[in-house]
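What follows is subunit A paired twice: with subunit B in the first complex and subunit C in the second.
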Partner chain A sequence: MRTLVGTNMNLQGASLSSVSVGSTHKSTRPTRHYSRRVRIGMIGLKSTLNCIDNSGALVVECVNILKNKVTNGWGSVGDEIVCVVKRARPVSAATQASVNAVKVRRGDVRRAVIVRTRKNVRRPDGSVIRFDDNAAVLLNNKREMLGTRIGGLVSADLRMKGWGKIVSLAPKVV
Partner chain B sequence: MKVEIDSFSGYRIYPSKGKLFVRGDSKVFRFAGSKNASLFLQRKNPRKIAWTQVYRRMHKKGITEEVAKKRSRKTVKHQRGIVGADLAAIAAKRNQTAAVRSQQRLAAITKAKSEKKDKETKKVKPTARPAGASGPKVSKQQMKGGKGGR
Partner chain C sequence: MLSNLCRGATRLMSTATKTTQTKVASAPYPFSKTALIKPAPYTPPPQAVREGRGLMEYLHKSLPTPEKQTLLRTMFSRHSPTRLLPGSIITVTCEHAPTSFTGVLLAIRRRGTDTSFTVRNIINRTGVEMQYFVNSPHLKDIKVVQKPPKGRMRRAKLFYLRDSPEKMSMIAGGRR
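So, the complex of A and B:
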């Protein structure tokens, strides 16, 4: 814990602040004004993610990150992506008739939101979190979920990015 | 702010330090630094790494010596009364002085002698007093010795 060891007004001949925690004099070196660009996320083109809702997809492959103007960007937790369904659970004829969840098929191009990444994600309090895999939840064009349930845990950073509905549906949030 | 503990070494993790790793089975691991994280991912056993808390606890290093000393078992002996003689009576008997005891003995002897005399006189004249009171009615126990009583 930094404690303020007196103000500058108290400095006299024999300096009181022998235990100064932070230097009270300005350094002569020029301060850096550029900010280091932080590479968070790391979901990009051709990245595969597990699909953890009950929409029927198992593995989706990222095609585009929607927040970026260019295709060579990276997506992180809470970013919307366009993806292709690479592997899906087999859809039987009976479930096709049911109205519940839209079942996607292999080769479908859908939108999704990233809910877990293997790359570290920093939180506002400085903590860092990393999952064991990359995961996503499928969406429709209006940012609504396609599935009705989520199986597995999601990152709490989703809430900050505005995906409260997904966070509330998730069985566990870390 | 909560100070967490490291899942590998048992160190304390202050806010904004360290990493949090969520495994595929949803188990959460916290690491105080890259050293702990790396060893964990190399699947090292913290019980074999000498500077971890797990190892220290297992090999009883440091503070646990005091704890071990406290747990010395002592069996306490209790004085108990038995059915025939409750605790108070036993204590009373034990605390009798020698004088009292000898007095009691004398009293018992004289009593026994007198009773014996009575018995003999009774025997001498059995017909004279057939169904009368045969001497003072004494129980067998009393005749045998008044001292060994309750």
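So, the complex of A and C:
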């Protein structure tokens, strides 16, 4: 009986000490001992996003998330990222000559803002939104859009993060 | 007392067409709009609840507002004749913008006060799913636009619709 009680106590002690959010049995990252889960968005290194403006890019690949002291390298809707253009629409000579819109090419490194994610995003009222793909809109270094039109749906969380111009240009905001 | 007077006065002078906000939650005195209604006195929870017995049941009855409780009872209980069925087309109205979202009800997650449901739609060639929590004060109204095809779907959770847009369009097309 004494040994049984002893083992029970040991087990309890072990379980208490190993309780931490983000259970450690798989990941090699150091466990964080506060109760809020940090990782919210899911766009990180090597994530591909569709480019939905008319800058010429079709698919961009994320290289870095800017201003991510909190999210540890993961981006969500409204976060600014640095990305590489993986696929772009072919730029003809005529459009090359005209100065109307900046056309990007394959291999360009640009900044972008994430406008849709496949990962759920929580709204302040508790509701959750999820899209079927990841999408971004290209920007220049001054946080202005490169293209002039947006061809697709954007998330309404952009407005909260300060991208009102993009929200106003979008044909549909959900 | 004074706050009640002010409340009554502003109600008289209000010209807003919104009725839901100005209506008192439980319409205590339906025969006069200017009657002064004292707020219900605070009743402490029964002794059993304070000791911890029957706590969750008490919370399920007390936490949601009366309108939300009727909503839960009529639309989200398992046996109500007017319950929401997955596969029906739903319009959800919110208080903040964007105010309404229509789509196919994919799943209902019944957890008492945390009950929520997922609605899916394809907007501008992109699939969008929204999960709404029933007890949220921002959720104003849920309307059924169309019942599920053939009366019911054979699944409680229709997540397979994420991979087959043709089945989604079959439901939306209104095949009975």
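One rule holds in what follows: the second predicted complex is superposed on the first by the 134 of 174 C-alpha atoms of A that agree within 3 Å, B and C clash if a C-alpha of one lies under 4 Å from a C-alpha of the other, contacts with A are read in each partner's own complex, and residues count from 1 in each chain.
We adopt the following convention: a contact is a pair of C-beta atoms (placed from the backbone, for glycine too) under 8 Å apart; a residue touches a chain by one contact, two chains touch by 3 or more.
Since this is a predicted model, take the numbers as computed values, not measurements.
On the superposed subunit A, the two partners subunit B and subunit C do not both fit; they clash. In the superposed model, more residues of subunit A are touched by C than by the other of subunit B and subunit C.
Of the two partner chains placed by superposition, only subunit C is touched by A:156; subunit B is not. Of the two partner chains, neither subunit B nor subunit C is touched by A:109. Applying the stated contact rule after C-alpha superposition, one finds that A:125 touches each of subunit B and subunit C.
Contacts of A:91 after superposition on the shared chain: neither subunit B nor subunit C is touched.
Once the two complexes are overlaid on the shared chain, A:66 sits clear of subunit B and of subunit C alike. Applying the stated contact rule after C-alpha superposition, one finds that A:172 touches each of subunit B and subunit C. Under the contact criterion defined above, the residues of subunit A that touch both subunit B in one complex and subunit C in the other are 116, 120, 125-133, 152-153, 172, 174. In the complex of the two chains, the subunit A residues touching subunit B come out as 116, 120, 125-133, 152-153, 172, 174. If you check the complex, the residues on subunit A that touch subunit C are 116, 120, 125-133, 135, 152-153, 156, 171-174. Across the complex, subunit C meets subunit A through its residues 94, 96-98, 101, 123-133, 136-139, 162. The residues of subunit B lying in touch with subunit A in their complex are 15-24, 26, 28.
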